[in-house]
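In the two assemblies presented below, chain A is common to both, partnered first by chain B and then by chain C.
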Partner chain A sequence: MSSPAKNKDKRATSPWISIKNDLIAYAFMAPYLFLFVVFLLLPAIVGVYASFTKWGIIGQPKWVGLKNYNKLINSDIFIESLQNTLYFVVLAAIPLIVLGLLLALLVNQKLRGRNIARAIVFLPHVVSVAAVGIIFQWILERSSGLLNYYLGLLGVNPPINWLGDPDSAMPAIAITTIWWTVNGNMIIYLAGLQDIPEDLYEAAKIDGAGRWQELRYVTIPMLMPVNAFVIPLTVIACWRVFGQVFVMTRGGPQGSTFTVAQFIYETAFVNFNMGLASAAGVILMLITLSFTVIQLRAMKVI
Partner chain B sequence: MAKHALLKIVVLALAALLLLPGAALAQDTTAVTLMHGWTGADNTEMLNTVFARFNEENEDGLVIEPTALGWDDLFTQLRLTAAAGNPPDVVMFHNTEVTGYAREGILLPVDDLMAAVDIDLTGVPQNIIELSKIDGEFYCLPGDLHPMNLYYNVDLVEAAGLDPDSPPTTGEEFMAWAEALTITDDDGMVTQYGLDQPLGGSLGRWFFHTLLYQFGGSWLGEDGLAAVDSEEAHEALQYMVDLQNSGISSMGSGVGDISAFQNERAGMVLVGPWMVNSYIREGKNLGTAVMPTFGNVPATWTNTHCLALTRQDSDENYLNSMKVIKWFLENYAEPGIKVGIVPVLPVALADPFWTDHEFAQYYAPFVDSLSISVMEPAIEKYTSVFAFGGQSPILRNIEAAQAGDKSVEEALADMKAGIDEILLDE
Partner chain C sequence: MSDSWRKESVYRDGSLNYGRLALYAIMIFVAIVWGAPFIWMFVTSIKPDTEVFSYPPTWWPDEPTLEFYTRLFDSFPMLLWFRNSLIVATITTALTLATNILAAYPLARMRFRGRKIVLLIILSTFLLPGEILLVPLFLGMIKFKLANTYFSIAVPAAANAFGVFLMTQFFLTIPVELEEAGRLDGCSRFGLLWRIFIPLSKPVIATVAIFTFVRSWNDFFWPLIISNTDATRTVPVGLAVFVGRGLSMRFGVIMASAAAATIPAVIFFLLLQRYFVRGISTTGLQG
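Let's turn to the complex of A and B:
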C-alpha cells in the first residue's frame, strides 16, 4: 500500500499530467501567439525577404541581392536620417530614463494627494500623438507661444523659432516627447520601487544610512531588473520616433528632424519602393538590437 | 404547443424583418464605390451629404458608397486594392497624380464613356483639359481648381491708410502695401508684418512655382530632367529670399506656418481658396485678390481635383460610375463653396448655390485666376518629386535658401541634383 505522499508525487510526475499542463499553458498563450505570428513575426520575415528585392507593392518582387543595402549606405539622406535619429536618442532617452526615475521617487513619497499627483503626471500618456503634436506647435509658436512668452519674461529675446530653426527643431521634438512619454517610465519605476522590501531600508537606517545612501545602495541596485527593462525599451522607442515629427515638422526644416522611421514611411508609402524601405527597416532593427545587447551586457543582465 | 407555434412565428417574423431590407436593397440598387481624400470632419461629412443627395435623386437605383482616406493612405490603398482585383469604381484625387496610376494600368481611359453619358467640357480651360489626357485619351475628369492667390486683412489695410478696393496687382504695388502694413515698435521689433510668407513647406514650394513661371521658367527641361538651375529659377528663388530679407515678411513659426495672418500679426498671405471658410468663420474682415505679377508674366500655382475610373474585372459598372461622375461634376457648387475650391464646369459655376452664396465675392478672384493658373508637371514620378516630406529636395533647398544657410545658386544646384536623382532612379 502506497502512502498519500507517494501518490501525490506520482501524479506530479505523470507524463500525462505534464502534457496536459503544457497544453493548458499553450492554450492560454495561443491567442497572443497567433496574433504575434500573424501580425509581427511573419511580416518581419517577409520584410527581411523584401529587403533583397525590388518591389512596388503591386506585382511580383524581383530579387536584387544586396543592391538596396548598397544604395542605403551610399545615400546621404539615409545617413542623415540615422544621424538625426541618433541625436534624438541622445536628447530624449537620457531625460526619459532619469526623469522617469525621479518622478517615480517623487510620487512614491508618502505625501498627501500623491494619488492625484500620479494621475496628473500620467495624464499626457493618454493623449494621442496628433493632439500632442498640435498642442506643442502652439506652445512652441515663435511669436505667441507659451514657452517663448515665459522665456521672454526671463529676458530671452528675440524669441526662439523652435520649429523653424534647424538647430532648435530637434530639441523641441525631444522636449515634446519627454513631456508626453516620461510618465510611462515613471509608472514602471514606481512599480519597481514598491517591490523593494521595506526591511532593506530599515536595515540601512540601522546601519546609519542617510537618504542619499539609501538611494545609492538600496534603491538603485534593487531597480536594476527594472532598468534592464526600461532602458532598452526607451532607447528602442526613441530610435523609432515618427508620429510627433510627422505632425510637427514633417522632417523639416531643411531635413533637420528627418528620422529613419520617416525615411522608411516615405520610401514605402510615398515612393512605393518597398524593397528599399524594408532594407532600411532591417538596418533600424539591427541598430536597436545592437544597442539593446550592449546595454544588457553592460548591466550584466546577459 | 400553442406556445411553440407562437415562438416560431415570432422568430420567423424577426428573420424576415432582418432579411427583407437587404434583399430589397440587393434587388433595387447598384453600388458605385468611390474613394476620396477629402478627410477632416467637415469635408467628409459635407461630401457624404452631397452623396446622400445623389442617392435620393437618381432614378437608376445607384448608390454611392464613399471611402474617405488621408492622401498617403489613399495612394497605398488604391494600389493594394487594384493589385487584389477589387479597386473602388471611382477615385477622386489630383490631376497631377493621374499619370503614374494610368501608366501602371490602374486607371481606365474614358472617352467612350464620356460620350455615352454626354459629359460636356465646353468652357473648361484648355490647359486643364489637356492635363486630363494621356496620349490623347481622357483618363480623368477635372472637377475643380484651387489656385494660390492673395488674401488681405481689410481692417489692417485700412488702418495702414491703403484702399482695400484696390489690392496690388504688380510686384511694386505689393511691396508698397507690404511696407505700409509692416509696423515696428520703439525697440525696433516688428509687431506686424506686411506678408506672412512661410518658411518652405507646401506653401513655400507653391510660391516658388508661381514665381518660377512668372519669370518664364519651368520645372523640367526638354531632356525631361530638372531645369531649376536656369536664370529664371534663380530670379524666382532670389525674389523669395529678398522678400524674406526685406523685413516685411514673417517667415512663420515652423515649416509652412501661416499663423501670423491668422493671428492678425500680418496683413497679407498667399494661399489657396480652401482658407476662405475658416478665415470668415474666425470673423476676419477678409479681402481676396488675384496673385500679383511679381515677374514678367501673370501666373499662379494651382492643382485640380479630378475623378477617374479604375479598371475592373467586369465592365458592367463602368457606365454607372460615369453617371455618378457626371452628376458630381455638374453639382460641384456645393462642395466647391463648402470645401473652398473652384468648380471648372461652367454649369457648376452658374449654379445659384455658387453665384448667390454669401462667400461668392471671396471666391471671385479665384475664378478670375483660372486662366493664369499653372500646374506642376503631371509626370509619372510626381508624388516622389513633389513630395511634402523630409526627403524632398525641393522643400529642403527652398528652406535652406530662405534661412540663408545656402546661397540661391547652391540651393538650386542641390535642388536640381536631388530632383534628377529621383527622375533617373530605376
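Let's turn to the complex of A and C:
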C-alpha cells in the first residue's frame, strides 16, 4: 500500500483528540470489520482448531491432537487426491499463464477487430462453472461431441473417450478450465503491457533490436511484477479446483479426477467428518502458502 | 484514420505482409475457439430432439424449436432459482458496497492507531484458500439455524476484501485539496465521504458492484453446501445438482438450461464490459 494520508491532522496534538480520531476511524470500519471477523477471520481460526478435533455435524468438538493429520497421511484416497490435484496444477496452471500472456500479446497488436476478439475470449468469465461444466460435457462427449468430430477430421482416430477414460479425464478438465479462466490472466497481462513505457521500445529499436529481442529484453523483464501476482494466484486457484470436477466427473472415472477440494467436500458434507475435512483444508492452505513463498523468493520479490 | 488503417493492414508498401496475415489468422482462430462453445450450446438448445445427435454436427437446425425450453421450465423450477440468485446477488452487492466504502475511507485518508495491522490482516486473506472456512461457516449456520436462508448464502461473501482494497487504492488518488475545502465548509468526516469521495468514485464503485454481483451470481461451492431446498437454491447449484446430473441423453434440455443461465450473464457483460476489464486489471482478482 502507498503512504498513509498526507493530510496530517494538525489538531491531533492532544491525546484526547487523537483517541477521538481513532474512534471515528474504527467507527467507519466497524460494519466491514464485523463481517470480516465473523465470516472470514474467525472461521479461518476455527478451521485450524477444528483440524485437531473430532467434530460431527452435531455435538461438541473433541480434541484429538494430530490424529486427523496422521489419518490423512496414511489415507490412500487423500494422497491420491493430492497427486491428482498436483497433476491438474501442472496441466492447467502453465497453459493458463503462458497462454494468458500470448493472448495479451495478440490483442495488444494493432489489429482490426482485436476488441471483438478480446471480448469473445473474456466472455466465459461471466458464465458460472455449472454452465461451463455442462457445456463441455456435451462438447467432449465421445460419439457425438464437437471436439471429437473435428479431431476426427484432423485424423485423430478412434475418438477419445474424454471424460470416460482415466487417462484423458484430467486433461479434459484442464482444457475446460483453460477455456473458462485464461481471460483473467490475459486482462492482467494486457494491463501490464500497456504500462510499459513506449520509450523503452524506441530505445530498443535504436539499438537495433528485432521483434524477438524486444520481447526477450523489454517486454518479459518489464512484466516481472505482473508475474509476481499472476503466477501465485493462478496456482492457488488451480489447487482449489472444485466446480468443474463436481459437475463434469464427480471425481471419476476410477478416482482419476478426485481432487483435494472434492475430498474436503465429501469428507465434510457427505460423511460429516468435520475434523478430518478441516485437516485437509489446512494441508491445502499450507501447500498453497509454501508454494507462494517459494515462488516469490525465487523471483526475489520477498 | 488513414494512418491507423496502414498500421492495421496486411499490406505494407503495396505487398502482402505475411507476419500480419499470420496474426490475423491466429486472432480469428482464437475467436472461433472461444466463441464456438457458446454458439454450439445455443444451437443445440433450439434443435428438435431428432437432430441433437446428428452426425456430422450441424451448426443450424433444419427446424428450430423452443421445445427444450418448454420442457426445461416445466420440469425444473428455473424461475424460482433465478429469483433466488437475484436476491442473493443483490444482498451481497449492497452489503459489500455499503461496508467497503465506509471502511476504505479511514484506511485511505485517516491516521489512526492500528492502520497498518488492519490493512495487513485484510490483505493477507487474499492468499487464504476459502476451503478452510467452509466447515466453520457451515457449522455456525447450522448452529444458529440459518442454513437454507438467503442470509446464509449471501452474507459471508460480503466479507471478501477485494472491494476494500480497490476502493482504498482509489480514495488515495483523490486530491487532498478537495477534502480540505470541504472541511473548511464545515463538513463532517461522513459528509466528506458522502459529498466528495462517493461522487468522485463512481467508476470504482460501479466496478466493485458489478464484480461482486457476478461473483455472487456464479458462486458455487458455498451455495451448494448451505442450501438444499428449492426455496433458496441458486441457478448454478440447480443446474449442477438437478439438470446436469446423470442425464447424459438429454443434452437438448441441458443445453437449454445452460443457455438460460448464460444469456443474461452475456448481455450483462456486453453492456458493462469496461468495468470488468478495469476490475481485473487493477486488482488481479478474478472473482
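Here, the second predicted complex is superposed on the first by the 266 of 302 C-alpha atoms of A that agree within 3 Å, B and C clash if a C-alpha of one lies under 4 Å from a C-alpha of the other, contacts with A are read in each partner's own complex, and residues count from 1 in each chain.
Heads up, the rule we're going with is that a residue touches a chain if its C-beta (ideal position, glycine included) is under 8 Å from a C-beta of that chain, and two chains touch if they have at least 3 such contacts.
The shown structure was predicted, so the numbers you read here are calculated from the model rather than taken from an experiment.
Asker: Is A:G252 contacted by the first partner chain B, the second partner chain C, both or neither?
Answerer: first
Asker: Check the residue A:I206 against both partner chains and state whether it touches chain B (first), chain C (second), both, or neither.
Answerer: In the superposition, A:I206 contacts neither chain B nor chain C.
Asker: Given the touch rule stated above, what does A:I57 touch, chain B (first), chain C (second), both, or neither?
Answerer: Both partners, chain B and chain C.
Asker: Which partner does A:S144 contact after superposing on A: first (chain B), second (chain C), both, neither?
Answerer: both
Asker: Under the stated touch criterion, which partner chain does A:L154 make contact with: chain B (first), chain C (second), both, or neither?
Answerer: A:L154: touches no partner chain.
Asker: Kindly classify A:I77 by the partners it touches after superposition: chain B alone (first), chain C alone (second), both, or neither?
Answerer: first
Asker: Of the partners chain B and chain C, which touch A:A298 in the superposed model: first, second, both, neither?
Answerer: Neither partner.
Asker: Applying the document's definition of touch, where does A:V126 land relative to chain B and chain C: first, second, both, or neither?
Answerer: In the superposition, A:V126 touches chain C alone.
Asker: Does chain C touch more residues of chain A than chain B does, or is it the other way round?
Answerer: C
Asker: Quick check on the superposed pair: does A:W162 touch chain B, chain C, both, or neither? Answer first, second, both or neither.
Answerer: first
Asker: Under the contact rule defined above, give the chain A residues that sit at the interface with chain B and also at the interface with chain C.
Answerer: 57, 137, 141, 143-144, 265, 269
Asker: Where on chain A is chain C touching in the complex?
Answerer: 1-2, 4-9, 12, 21-22, 24-26, 28-29, 31-33, 35-36, 38-44, 46-48, 50, 55, 57, 103, 106-107, 109-114, 116-117, 119-131, 133-139, 141, 143-144, 146, 149, 179, 181, 184, 187-188, 190-191, 229-230, 232-233, 236-237, 239-240, 242-243, 246-247, 260-261, 264-265, 268-269, 274, 277-278, 281-282, 284-285, 288-289, 292
Asker: Enumerate the contact residues on chain A facing chain B in the complex.
Answerer: Within the complex, chain A touches chain B at residues 56-59, 77, 81, 137, 140-145, 158, 161-166, 169, 248-255, 257-258, 262-263, 265-267, 269-272.
Asker: Give the list of chain C residues in touch with chain A in this complex.
Answerer: Within the complex, chain C contacts chain A at residues 4, 7-8, 20, 23-24, 26-27, 30-31, 33-38, 40-41, 44, 52-53, 55-57, 95, 98-100, 102-103, 105-115, 118-119, 121-123, 125, 127-140, 142, 155-156, 158-161, 164, 168-169, 172, 176, 179-180, 189, 193, 214, 217-218, 220-221, 224-225, 235-237, 239-240, 243-244, 248, 251, 254-255, 257-258, 261-262, 265-266, 268-270, 273, 276-277, 280-282, 284-287.
Asker: Okay, in this complex, where on chain B does chain A touch?
Answerer: 72-73, 75-76, 79-80, 82-83, 104, 189, 199-201, 250-255, 257, 259-260, 263, 265, 383-384, 387-391, 395-396, 399-400, 403, 405
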